[in-house]
Amino acid sequence: MIPRPFEYHAPASLPDALSLLHRYGEEAKLLAGGHSLLPMMKLRFASPGHLIDLGKIGELKGIRQVGGEIHIGAMTTENELVWSKLLAEKVPLLVEGARLISDPQVRYKGTLGGDIAHGDPGNDHPALMLALDASFVLRSASGERVVPADGFFQGLYSTRMEANEVLTRIQIPVPSAGTGWCYAKLKRKTGDFATAAAACLLRTKGGRVEFARLALTNVAATPVKVRAAEQYLQGRPLDDGAIAEVARLAMSVCEPTEDQRGDVTYKTAMAGEMTQRALRTAASRAQ
Amino acid sequence: MKVQLERSFPMPAPPEVVWKMLQDVELVAGCMPGARITERIDERHFKGTVSVRVGPATMTFRGDIEVQGLDAATKSLHLLGKGTDSTGTSGASMDLTASVQGTDAGSQLVGKSEVSMSGKAAAFGSRVMNTVADQVLKQFADNFALKVQALASPAPASAAPGEVASKTAPAGAPLNGLALLWAILKDWLRALFGKSAA
Amino acid sequence: MPDTNVVARERQDKLQGMGCSRKRKEDARFIRGKGSYVDDIHLPGMLFGAIVRSPYAHARIKSINKAKALAVPGVVAVLVADDLKPVNLAWMPTLGGDVQAVLADKKVCFQYQEVAFVVANDRYAAADGVEAVEVEYEELPAIVDPRRAMDKNAPIIREDIADKKEVGHGPRTHPNHIFTWEAGDKAGTDAVFASAPVTVRQEILNPRVHPCPLETCGCVASFDKATGQLTVFMTSQAPHLVRTVSSLLSGIAESKIRIVGGDIGGGFGNKVAVYPGYVVAIVASIVTGVPIKWIESRIENLSTTAFARDYHGVGELAADKDGRIRALRFTALGDYGAFNAHVSATKFPAGLFSICTGSYDIPKAYCRVDAVYTNKAPGGVAYRCSLRVTEAVYLIERMMDVLAQKLGIDKAEIRRRNFVKAEQFPYTTAFGWTLDSGNYHRALDKVLQAVDYEALRKEQAQKRAQGELMGIGISTFTEIVGAGPTKACDILGIGLFDSCEIRVHPTGSVMARLGTMSQGQGHATTYAQIIATELGLPSEDIQIEEGDTDKAPYGAGTWGSRSTPVAGAAAARAARKIMEKAKKLAAHLLEVGEGDLEWDIDRFRVKGNPSEGKTMKEICMAAHQSNLPAGMEQGLNAVEYYDPPNLTFPFGAYVCVVDIDRFTGETKVRRFYALDDCGTRINPMIIEGQIHGGLTEAFAVAMGQAIPFDENGNHLGNSLLDYFLPTSAEAPHWETDFTVTPSPHHPIGAKGVAESPHVGGIPCFSNAVVDAFAHLDVAHMDMPHTSYRVWQQCNALGLNKR
Amino acid sequence: MAIPRNVSFTLNGKSVQVMVEPRELLIHTLREKLQHTGPHIGCETSHCGACTVDIDAMSVKSCTVLTVQCEGADVLTIEGLERNGQLHALQEAFTQDHALQCGYCTPGMITRAYRLLQENPQPTEQEIRYWMAGNLCRCTGYQNIVKAVQTAAAKLAAQPA
């Protein structure tokens, strides 16, 4: 469990990081919290020639409100999300999700940006980001672009982030007051990936759904935004029938792979079950 | 762990055309980048390497490939590959049968493969292997279909098989066992051409 | 006089002897991070070893190329099987009567098997070297399912012994067959089954699991060419046995081999066996002349060192209509992996499996175990239990429920009807074990009252009416620990006695050394308490030493809860030898006859004249002076090698209540009440700690642990990402209770306790989970009861529909 | 092989400097170069927490941190908890409540609990079980560990700040 040799770089500023990234290209890997990359390196599955540690770059940290959005630095840690009063008030879904990630020590090191950029469908933030209509600020030597979470996740470990880009900031539109939320996650034990999980935002008006977002974790090669369900719910009362139909729609987009957590049938069923629970809880929290 | 895949992809051209194209070395190569033949032992046996790359993870396998059969009548071929990764901690073996079949629409390419992994890759790769195998096969078939379509136009091909693949297969796509086998096919055909030219 | 009692109590308390919850002596170093575990040891010039392992479960080795590895900076040497042959160490004897390849010789028989050993300046260079060793394999078909192992056309796993008629335990019928062992009266049992009004049969699996102590296995081997002395610091639960094996193996005189246990980060059975890593590290040290450290990674630990269980059992009971059991017939197919490294007494290749009549009065019984080779890691150790006792107890405790359900009798009631009664002890089972003491009815009644069993059953009925799943599990187990009488139990011919040597110093402080090896049990604390009470000297001044074979007397080590039953007895008896001499001396000093003396906590008094007496402290000094009775030597020392007349039989009654989420399969342990009877209690605090730990390991086994393989023999769960070790968030809250039924044959009446909660706990969880489905005619569900598997049951029954 | 470099940081209040390859893991530096063998190696995949140390007021698994990442950091290990001969309340409570057996998880466990009590001086049982879930123990079943953390919390609360 020893990584292969590599060169280590700890740029003090974003421009420095970008020029290093430009210099080493495919040879380089960005090091955020390290709890996905370092284990892979210790198993010698991954052996980058150069590690660029983003840990010393202050501008990549912090949580603040900018107009109608919450801006979170990519290097903000899970525990910082868990403990953020601003998030608890404005984006409680993110706090609930972060609390269910791995274990305390990992949450001190693990970062929001790293979790997203890794492109692992087993990570929790990708689905949370889809549910929150978040967008990602990607910086490269040639400039900056803002990419919506929807469409960002392309495949297993593959995203729309280019090799020369750094994810610097996550931008989340503050859900309007009264929006209910829930991240329902089923896992075998602390520190495990989800067997299946569902992230949901829900707002109702006069007993009918006015706004709904639903995304799933670890039931396909990418996190899945369940569009059909979001559309179906529009303007409907959230009765048992509707909830059952949404679960059915969620299950219909699942393409999980069998592993120690369960077979395809179980994981698909759990995606449906987590969806139902997320919906009911979100509804109970909506005003 | 074993990954068994059977996929068929509609091809917008008659079987003969697709079979012929399947024998077009450059075309096949263009559809399936990556694998490398390091040594040709005889016309049925080769040594080669293939790199499997998934996100930050990379594994390079060294292996032996055996052409078990190529049947022009059924337009099908059968290949076998076995290899060990460069760290000596994982093994892979691959069994592929690929054939071109006629359909009302034209034809379809049927790929039937079993990739079996041993060691570290099996223990830690289960979440990955299925998806990779699937993605790469889809990507190959997609690219292949597009080429077939281009050549066999005007018939507009259904983009169906491609749609998913082009979304899921990133640029510089990772290879899996299938990639190796397709690459072998390429080299084996080159050997054939070599002979017929002589 | 009223105050004499007070004074007596103060003197009693000052001893900190048996029965008090004395704080642990060993903690002082652990809480400071000053423990001395094997990986903490650094010797001058020490090199690091790492092992090249096979990615295949079954393959021929076509070639091994060291060149690239030797070129890696820092790599000093690469050893393969051929390098070990000249020193005759390519193969080693196992503790199961088999042989095992130290480094794979021509072929590998399980995945991750040891193929080569790389020695380098540090662990980084060693890791680079391992990756650079080129091994060419030719993969062979693997046997993963033990039921296929003896098929006609099954590939032969052990070509090295293919033509051997037996491997230590009787005739073999197939190259992949290891042994068949049976006990009891087959004909008689079959006859009862043929005529019994009721019979039940159930296939029951004890899946392959791993003890997984938090510290992996490892060693530092140091051979001194100048003196010819071999010193090995290693993670061993049985240092003396290891020394003997090392001597037999290396030809080095046993007197020139020193094994040092040091602190051990948990064992649970994983650290009894001798592993190739130890042996090859020793060879490397002999070859290089410098110390070699080898430490397993967690992945290596889970995939190669001693697994447990993997018994595919079939339980059968024959009974009357009222549930009174007439006969028992249990069989098991044991998957022993590629080598029989199962640590077993020579006469008991299937361990103590025949304890499977449990706590019940069963007139006729027969059991049989067939052991086979498969392409999996060797082991088959006892995971926090005596060998194969968990398997046996799991079978009987599950079968009691199966029978109860078949007859519609309450699961507590059917146990009451079959219990061995208090007045029947000592009770000899149909398999010939003599249960020393017990009071099963009292234990069960106490527990049922404590949890209000009636109310729980009522609640369950209501829940069932609402379609909810609630389960109540009962386990009334009897354990068998303290191997063991040497006439019955030996390993490699060495009897399983144990020992204690006590030296009393002039000032009344004591040094005691024993043949056991603590891995967290707190021996330094509890042995001192036994000796304190026996000698009337404060335990604070009693030093305990174990695990250094140069210092401690010979013993079989700590496993199978044998420390208290065997070494604890040795300690008490050694102390009593000292007391005999002390009494003679006291009589001499007081100028009275021994008969005129009475023992009073920490002193001898003259009967009828309590003011006249000699404290033990005074006697200790006197024993080192000149005024001794004629012919008496100076000193106050004794050694005892204790060969127990019988094993001890701790028992308990547990109740577990679970609530199952029928939509996800998640099982929540609402309540777990554990009553244990381990005879005389030496330190209640430590006993309770052992029970908490044992129950938590039982919870892990029942609810989540398994070593999964695919059809090629690939290990699919060999890191802590997959292998289930509960965290504080998953572990249930435990309620503990006790009764005291001393062992009549043990010097202090103690029985041993650490394993009971594991052995008795596992069936209790399973019984609770199955009980939740009992009203739906579910008789059995195999472990582990993961959400996934429980959900499959719910799904099959359509319980997850809304 | 990458060139070794100097890394300096504060270890239990003392400044230290070590020469390490970029790939060297902090746990190995602490144990082998700096003779701090309190933190242990249990799993190497950042699941068990035996290697837990405190870096810049964060509980961290030192098997998954590169030493080069610690340049200028303030590192605290179990060896640093005892202050001028006085054991930390947690160390005393772990003995008092029999919260350890084999002792292998204990340094990581106590170091983690130390940080927890800095952040939450009066945690409930549920909070302790949730916030200590990154440390595995095979011996105790956690019940006495939870108890010990609460005992220490009470003792610290009683002490004048």
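We call the chains A, B, C and D, going by the order they appear; numbering starts again at 1 in every chain.
Just so it is clear, contacts are C-beta pairs under 8 Å (C-beta built on N, C-alpha and C of every residue); 3 or more make two chains touch, one makes a residue touch a chain.
Since the structure is predicted, the reported quantities are computational estimates derived from the model, not experimental observations.
Participant: From chain A, how many touching-chain steps at minimum until you land on chain D?
Facilitator: Minimum number of steps from chain A to chain D: 1.
Participant: Taking every chain's C-alpha mean, which one sits closest to the mean of all protein C-alpha atoms?
Facilitator: That would be chain C.
Participant: Could you grab the centroid distance between chain A and chain B? Build each centroid from C-alpha atoms only and quote it in angstrom.
Facilitator: Computed from C-alpha means, the inter-chain centre distance equals 33 Å.
Participant: If you average the Cα atoms of chain B and of chain C to get two centres, how far apart are those centres in Å?
Facilitator: Their C-alpha centroids are separated by 52 Å.
Participant: Using mean CA coordinates as chain centres, what's the chain A-chain C distance in Å?
Facilitator: Those two chain centres are 44 Å apart.
Participant: Identify all positions of chain C at which a residue touches two or more other chains, and write them in rising order.
Facilitator: Those would be 123-124, 131, 297-299, 716-717, 719-721, 727, 729.
Participant: Among the residues of chain B, which ones contact at least 2 other chains?
Facilitator: Residue numbers touching two or more other chains: 87, 89, 120, 124, 126.
Participant: Send over the residues of chain A in touch with two or more other chains.
Facilitator: Correct list: 1-2, 4, 44, 103, 190-191, 260.
Participant: Spell out all pairs of chains that touch, sorted by label.
Facilitator: Applying the touch criterion to every chain pair yields A-B, A-C, A-D, B-C, C-D.
Participant: In the complex, go through chain C and note every residue touching chain A.
Facilitator: That would be residues 123-124, 127-128, 131, 297-299, 663-664, 666, 704, 708, 716-717, 720-722, 724, 726-727, 729-730, 786-788, 791-792, 795, 800, 802 of chain C.
Participant: Spell out the part of chain D that touches chain C in their complex, as residue ranges.
Facilitator: Residue list for chain D touching chain C: 1, 21, 23-24, 28, 31-32, 36-45, 47-48, 50, 77-79, 82, 87, 91-92, 94-96, 98, 100-107, 110, 128-130, 132-146.
Participant: Along chain A, where are the residues that touch chain D in the complex?
Facilitator: Chain A reaches chain D through residues 1-8, 10, 31, 34-35, 38-39, 41-42, 51, 53, 55, 79, 102-106, 108-109, 190-191.
Participant: In their complex, what parts of chain D are in touch with chain A?
Facilitator: 1-2, 21-23, 25, 44-47, 49, 52, 58-61, 63-66, 68-69, 71, 112, 116, 130-135
Participant: Please give the residue numbers of chain A that touch chain C in the complex, ascending.
Facilitator: Those residues of chain A that touch chain C are 1-2, 4, 44, 103, 186, 188-192, 195, 240, 244, 260-263, 265-266, 269-270, 273.
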